[in-house]
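Next come two complexes, and both contain subunit A; in the first it sits with subunit B, in the second with subunit C.
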Partner chain A sequence: MPNQADIALMAHLMRRAGFGASRAELEERCAKGYEATVEELLNPGADSGIDEDELYRYFPQFESSLAPVAAQTEWVYRMVNTKWPLKEKIALFWHQLFATGNSKVDNPPEMLAQVGMFREEGLTNFPNLLVRLAQNPAMIYWLDNNGNHYGSINENWGRELLELFSMGVGHYSEDDIKEASRAFTGWTIGAKPPRQPVGRFYWSFEFRPEDHDYGEKEFLGQTGNFDGSDIIDIIVKQEDTARFLSRHLYNFFVADEPQVPAWDITPPNDQAAIDTLVKAYMDSNADIKSILRVLFNSDFFKNARYQHVKSPAELVISTARMAGNYNQPRTGFPLLAFECGWQGQELMNPPSVESWHTGSEWIDGGALVRRVNFAAKLLSDTSLPGVKAIMAGLRERGTLSPAEFVRACLDLVGPVEVDDGTFQELLTQAQQGGDITWDTEEGAAESEKRAGVMLALIAATREFQFA
Partner chain B sequence: MLTTIASGRVFDYSHCLGMYSTSGVGFLVPMDFALGSNDTLYVLNRGVDEITLRISKCTLNHEFIADIGRFGMGDGQFVWPMGIALDSDENIYVTDENTNKVTVMDKDGQFLAKWGEAGSGEGQMRGPSGIAIDGENNLYIVDSQNHRVQKFTKDGQHLASLGSEGSGPGRFNKPWGLCLDAEGNVYVADWKNDRVQKLGSDGRFLTEFKGTDDGVGSLSRPTDVAVDSDGDVYVANWGSHQVQIYEPDGKFLATLVGDAQTPSPWVQDYIDANPDVAKARRRTDMEVEWRFNRPISVRVDADDRLYVAEAVRHRIQVYSKERDYAEAAINL
Partner chain C sequence: MASTKKDPVLVVLQLSGANDYLNTVVPFTNPLYRQNRPNLGLPEDQLIKFTDDLAFHPSMGPVKDLWDQGQMAIIHGIGYENSSRSHFRSMDIWHTCEPDKVGTEGWLGRVIRDLDPAGENVLKGVNFGQGLPRAMALRGVPVTSVSDLASYGVLTDIPAIGAGEEREQMLELFSRVYSPAIGTGMTMDYLGQTGRDALKGADIIKTAPEQYSSTIEYADNPIAKSLKSVAQVHMANLGTQIFYTQYGSFDTHFNQLPAHAKLWTDVSGAVNDFFADLREHDAADNVVMLVFTEFGRRVQDNGTGCDHGRGGVAFALGDMVNPGMYGEYPSMKAEDLFEGDLVPSYDFRGFYSTFAERWLGLDAKPIVGGEYEQMGFL
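Let's look at the complex of A and B:
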C-alpha cells in the first residue's frame, strides 16, 4: 500500500496531466512510481481504449451531424474515456492557446479535426505544431488567411501568430507582422462542395504558388525569400517565444498566472520556474514532451497543489470520470458538453482569438452555483459506480469518528486538501450524526446516506474548485 | 462508374432519394428504412442528440407524407432506434437499442404496442438492432449485445434463438442488420466478425460472405444485407463506404462505391433556391458527393432494385439490376 504522501502527489499529477484518477488507479500508478507514470503519460500508445467503430455505431450523429453539440460531445466522450489522458489534456491546452471558434468557422467537423490534430501532434514539437496550425483549414478561415493574397495582404493570421500564439506583445514590430503575412500568402483552403444539402464535406489545405509572394522579406532582423515555414523556424528560435510558451504551460499545468493580456507588464509569479522551462525549451529545440518532462518532475510543479482553478472542462470531465457512469456509450453525453458551456467554456467556441480568461475568472456567482450543483449531484449519487467505489473504500475503514469520517471522505475523493476552516465546517456537519458504522444493515444504509451528503459538501468546498 | 458489369450481371445507377433535413422533407442520420405498398418509404432517422429523431414517411416518387414518432421513453417514442420493418398489414415495427424494446405502430404512426425486456435470457434482449419479418408475420430480431438472432411472434412471444457469441460458423460478434430470403433463410451482418452469415431458418449455418483470404471482396464492419430474386447478396460495407455484392454461394461479384451524380429532386430544389450553393457546386470537383459515406442499410424491392441508405449523406441511392443490357462497342 503506497503511503499517503505518494498518493497525494500522484493525485496532483493526474489532476493536472489528466482529468483525475480513481483511488484504485492512483494506487496502481504509485506502485509503478511517479517518474514512470510521467513517462507513461508522455508516451501514449496508439490505442486510446475507445473502439472507434463502436463510437460511431452508438453515436452516428458524431459523423453525420452539422450541429456544434455533436462535435463537442464527441470530444467530451474522448476526454472522459481515453486511457491516455495527457493526449486529451494537451489537446485542451492547445485549444485554449490557439483559440479557434465555431462562431465564425461554422463547421463543427473541421473544429473537431483541429482538435484531433492537437490530440495527435500535441506532444511533438512547437515548430511542427505551428506549421500544422498554419495549414489547418479551420484556423485559416478563422484568421482570414484565405484572404491573404500576393500584393494584398491580410495581416490577421500573421499578427495573431506573433501576438497570441508564439512571442507575445512587445517582441516584434508592425513591419514584422507585414513581412510574416507576405510569407503566408497562398496558404489557403481548397474549394469543397457546400455543406448542404447532403451533409458536411471537409476542407483541405491548399498552397497556391501563383498567389504566394516569393520576394525578399525582412523578419525579426533576418533577410531572405522566406515562406511561412521559414517564418515559423525563425519564431521558434526566439527566447521570447520560449518564455511565452513556458508561461502558458505554467499557467495551464502548474499554477494560475495573471491574465495573458497583462503578461507584458506583469512578471511571472515564479520567474525561476519559467526560466527552468525556457531552458528546457531551448535545450530540446522546442520539444513539447521534453519540456513537460521537466515540468512534471520539477519541485515547483509538485509543490503547486490546488493553485489552479479547474476550467469548466476540467471540472466536468474529472467529475464525470470520478462518478464512473459515463464510461461507455449512453445517453446524456451532450449534457456534459452543454455543461461545459453553461459553466463558461463552450468547447470549440471560445469568446475570441484571445481565448478564455482563466484562473479566478472562471468563477462568478452563476458559474460557481453551476459548478457546485453539477459536482454535488453526481458525487452524492451513491448508485453510481465511482461513488460506490468510494463507499467501499469507506466501509473498509470500519467504524469512523466524525473527524475520521471527514478525513476519509476527503482522502477518497482526492485526496482533497482543505484548510482548517473548511475542515471545521465539514466536521460540524459530520458530528450531527455521530460515528459512522457499518455493523447493521440500517446503520450501513444510514452511513452511506451520510457519506453521500458529505461528498456533496466536499464538492461544494472552495478547495474542490481547484486542481 | 454509373454502370457496373460483373459476371453476367449489370448494376446500373438509377437515382437517389432524400436530403439533409431536420424535419419534413428530408432525412437526418438514417439508420434503416422499409419499403411499403404503393411506393411508400419509411425512413428511420436517428436525428441528433434527442431532437430531429423521427420516421420520415414519404414515397419513392419524392412526396413527403408525414413525420412519425420522436425522442423519448413514452409510447411511440424512441431513444436509439436501429431497425424498422413492416408486417403484412404494413404495421411498423421499430427496434430500440437503448430501451431494448420493440415498438409497433400502424402505418399512420398510431401507437399500437411496445414490448421487450432487457436481459440475456430467452426472449430478453440487449441492444436489439436489425429486424426482418417473414411471410407469416414472425419477427427476426438481431439481439446484438447477446450476439444472436431471436425469433418472435408479432406480439413478442419468443419462438427461437439462433446463434451465440463467437467467431466460428453460426456464432456472432455484435451483429447488426439482417434479412430473409424467399426460402426463409436468414442472412445476418455479423458486424464485428466482418462477414455476413447465411443460416437456415432453424439456425443451421449454411454459408458465409466475406471475400477471399487475400482481401478481394472483403468486408469491414458490415451493417446490413439484402438478397435479390436471383439469390445475389448485397452488403452495406459500412467500414469501407461500399456495397459488396456476392453470388449466392459466397463468391464475390462486384463493389459499388456510390454514384449520386444527379441530385435528388429535393436536393435540386434546394440548390435552385440557393444561388450561392449552386455557385459553390460549380467551383469544385463534386465526386466526393457521389460516393457512399457510411452506407448503413440495404433493401431490394420486388423488381430487384437495390436501395442503399447512407447515414452521413442522409439519402438513399437506387440501383437497378438490368436484365436486357447490351454492351456498347468497346471502341467507341
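Let's look at the complex of A and C:
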C-alpha cells in the first residue's frame, strides 16, 4: 500500500499531466514510481489512445461531422477515455495557445484535424509544431493566410504568429510583421469536394509558387530570401520565444500566472522556475518532451499543488472520469461538450485568437454555479461506477467517526486538501448523523446516502475548483 | 443632464472583433470611399441613407428606425491616441481605461462600486454571456454573470440533496464555506466572494422570466436571446443599473460582405426589438444603450475583407438620448491617415464620462482616470 504522501503527489501529477485518476489507478502508478510514471506519460504509444473502430461504430456521425458539437463531443470522448492522458492534455494546451475557432473556420472536421495534429505532434519540438501550424488548413483560414498574396499582404497570421504564438508583444517591430507576412505568401489551402453531396470541403495545405514573394526580407535583424520555414527557424532561436513558451507551460501545467497581455510588464510569479524551463528549451532545441520532463520532475512543480484553477475542460473531464459513467460509448457525451461551453470554454471555439483568460478569470458567478452543480450532481450519484468504487473504499475502512468519515471522503475523491474552516463545516454536517456504519443493510444504505451528500459538498467547495 | 424619476439604467453592447466603421456609417458621396474599397464598397442603391452624404449598412434598417424616431446618437471618430491594433490589448484598454499600462480594474466595476458603495445589491451589475468581461471586474464589487437565465442557481437539480429544507441547509453550509478565511490568498478570497454573491443573486434573478410576458418575438440568435434576458431582468425591477452583453465576431479580415451583413442583421433586429419590448412595458424611459467596438478597420480593403485599423464609431441609443451626430468623421485623405488608418478624433473616455456623469450622475474622473471632453448626447 503506497503511503499517503506518494498518493497525493501522484494525484497532483495526474491532475496536471492528465485529467485526474481514480484511487485504483493512483495506487497502480505509485507502485511503478513517480519518475517512471512521468516517463510513461511522456512516451505514449503511437496509437491514438482509444479504440478507433469502437468510436466510429458507435458514433458514425463523427466521421466528417457537420455540427460543431459533434466535433467537440468526439474530442471530449477522447479526453475522457484515452489511455495516453498527456497526449490529450498537451493537445488541450496547444489548442489554448494556438486558439482557433469554429465561429469563423466553420469546418468542424478541419478543427478536429487540427486538434489531431496537436495530439500526434504535441510532444515533438516547437519548430516542427509551428511549421505544421502554419500549414494547418484551419489555422490558414482562421488567420487569413489564404488571403495573404504576393504584392498584397494580409498580415493577420504574421502578426499573431509573433504576438500570440511565439515571442509575445514588444519583442518585434511592425516591419517584422510585414516581412514575416511576405515570407508566408503562397502558403494557402486547396479544397477537395466532399464524397457526400452535402458536406464540408476537405482542405489541404497547398504551396503556390506563383503567389509566393521570393524577394529579400529583413526579419529580426537578419536578411535573406526567407520563406515561412526560415522565419520560424529564426523565431524559435530567440530567447524571447523560449521565455514566452515557458511561461505558457508554467501557467498551464504548474501554477496560474497573470493574464498574457500583462506579461511584458509583469514578472513571472516564479522567475527561477521560468529560467529553468528556458534553459531546458535552449538546451534541447525546443524539444517539448525534454522541457516537460524537467517541469514534471522539478520541485517547483511538485510543490504547486492546488495552485491552478481548473479550466472548464479540466473540471468537466476529470469529474466525468472520476464518476466513471462515461468510460464507454453511450448517449450523453454531447452534454459534456456543451457543459464545457456553458462553464466558459466552448472547445474549438475560443472567444478570439487571444484565447480564453485563465486562472481566477475562469470564475464568475454564473460559471461557479455551473461548476458546482455539475460536479456535485455526478459525484453524489452513488449508482455510478466511479462513485460506487469510492463507496467500496469507504466500506473497506469499516466504522468511521464523523471526522474519519470526512477525511476518508476527501481522500478517496482526490485527495482533496481543504482548509480548517472548510473541514470544520464538513465535520459539523457529518456529526449530525453520527458514526458511519456498514453492519446492517439499512445502516449501509444510510451511510451511502450520507457519503453521496458529503461528496456533493466537497465538489461544491472552493478547494475543489483548483487542480 | 438627462433625468428620469426611476434609477438610470445603462446597457452596454460590445461588438467584439472590431466593427468596420466605413461600412457601418458609410460616407457614400466621398470618392475616397470608392477608391479605397474597390471590393468592399457597398452599392449605393442598397444603402440606407440618412443624410445627404451618410448612409447605414443595408442590413441596419431597424437601426434606421431608431434614428428616425430620434433615439440615436452617432459618435464619430472614437478611439484613443497610439491606438493598439491588437484585439486583446485594445479591448483591455476600452475595458479598463488604461492605455499605458495593463489595468485590472474595469471601468464599469468602478461605476457599480459608486452606484452601490456598500455592495448591497449583487444584481447591481449583470452580465449575460460567457464569462465576465474585464470591464465589470473589480475586486470586492459583486456582479452577476448569467449564461442562461432559466437554470441559474446553486445546488439545483441534485437528487442526492433534493429540494426544500435539505437544500436550504446545504446552501447555508455553502455560504459558510465560502466565507472569508484569513490568509488564504487572493484567488480564494475572490472565489469566496463570488460564491456568496452567486448564492444571493441566483434566487432573486430567477424570478425575472416568470413575471415576464410580451408580444415582441425576438429572433433566434445569441444577441437577441441576451437582450431579451436584459429586458426580462430590467422589467422585474431588481435594481440592476448596469447590463452588459456582447456579440461577434466582427473580425472581418476575409469574406466581409456576407459576414458583416449577417452580424448587423442580428444586432439591428435585436436592438430594435429590445427597445420595442421596453416601450410596450413602459420601461424604456430610464434605459440608454452604449454600443462600442475595440477599433475600426483599415481604410483600404485587402481584397475580400479589411485589416485592423484605428478610429471607429460608437452609438448611444434610447428615448433619453439627444439624437444626432457628434464629433467629426475623420478625414480619409491619404495624408491624414496613420499607416492607412483613420485617426481617432475623440477619446472614448470622454464618451464613457458622458454616460457616467450625465446619465448615472457619478463623478466621471475617477472612473475613467481623468478629465475628457463630454458630449451633448445626454
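The working rule: the second predicted complex is superposed on the first by the 458 of 467 C-alpha atoms of A that agree within 3 Å, B and C clash if a C-alpha of one lies under 4 Å from a C-alpha of the other, contacts with A are read in each partner's own complex, and residues count from 1 in each chain.
By our rule, contacts are C-beta pairs under 8 Å (C-beta built on N, C-alpha and C of every residue); 3 or more make two chains touch, one makes a residue touch a chain.
Predicted, not measured: the structure shown is a model, and the values here were computed from it.
**Q** Just subunit B (first), just subunit C (second), both, or neither: which does A:Lys192 touch?
**A** A:Lys192: touches subunit B, not subunit C.
**Q** Regarding the shared-chain residue A:Ala70, is it in contact with subunit B (first), subunit C (second), both, or neither?
**A** After superposition on chain A, A:Ala70 lies in contact with subunit B alone.
**Q** Given the touch rule stated above, what does A:Ile50 touch, subunit B (first), subunit C (second), both, or neither?
**A** In the superposition, A:Ile50 contacts neither subunit B nor subunit C.
**Q** Going by the contact rule stated at the top, is it subunit B or subunit C that touches a larger number of residues on subunit A?
**A** On the superposition, C touches more of the residues of subunit A.
**Q** Which partner chains sit in contact with A:Met282 here, subunit B, subunit C, both or neither? Use first/second/both/neither.
**A** It touches nothing on subunit B or subunit C.
**Q** With both complexes overlaid on chain A, does A:Phe201 touch subunit B (first), subunit C (second), both or neither?
**A** In the superposed model, A:Phe201 contacts subunit B only, not subunit C.
**Q** Thinking of the overlay built on chain A, is A:Pro334 touched by subunit B (first), by subunit C (second), by both, or by neither?
**A** first
**Q** Considering only touches as defined above, state whether A:Gly359 meets subunit B (first), subunit C (second), both or neither.
**A** In the superposed model, A:Gly359 contacts subunit C only, not subunit B.
**Q** Would you sort A:Ala444 into first (subunit B), second (subunit C), both or neither based on which partner it touches?
**A** A:Ala444 sits against neither subunit B nor subunit C.
**Q** Applying the touch criterion given at the start, work out whether A:Pro60 contacts subunit B, subunit C, both or neither, answering first, second, both or neither.
**A** The answer is first: A:Pro60 touches subunit B but not subunit C.
**Q** What is the shared patch of subunit A, the residues that subunit B and subunit C both contact?
**A** Common interface on subunit A, subunit B vs subunit C: nothing in common.
**Q** Which residues of subunit B touch subunit A in the complex?
**A** Going by the criterion above, the answer is residues 19-21, 26, 28-29, 31, 46-50, 79-80, 97-98, 176, 191-192, 221, 239, 260, 266-267, 270-271, 274, 276-277, 280-281, 283-284, 286, 288-289, 293-294, 296, 311-315.
**Q** Per the contact definition, I'd like the list of subunit A residues that touch subunit C in the complex.
**A** Contacts found on subunit A: 101, 103-104, 141, 143-144, 146-147, 149, 152, 154-156, 159, 163-164, 169, 174, 256, 259-262, 265-266, 309, 341-342, 344, 346, 351-354, 356-357, 359-370, 372-373, 376-377, 380-382, 419, 421-422, 425-426, 428-429, 449, 452-453, 456-457, 460-462, 465.
**Q** For the complex, give me every residue of subunit C touching subunit A.
**A** Residue positions touching the partner: 16-17, 85-89, 92, 101-102, 122, 127, 130-132, 134, 137, 142-148, 152-161, 170, 173-174, 176-179, 181, 184, 186-188, 190-192, 194-195, 197-198, 201-202, 249, 251, 253-254, 302-305, 307, 339.
**Q** Contact residues on subunit A for subunit B in the complex?
**A** For subunit A paired with subunit B, touching residues are 53, 56-58, 60-61, 63-67, 69-70, 73, 190-194, 196-199, 201, 331, 334.
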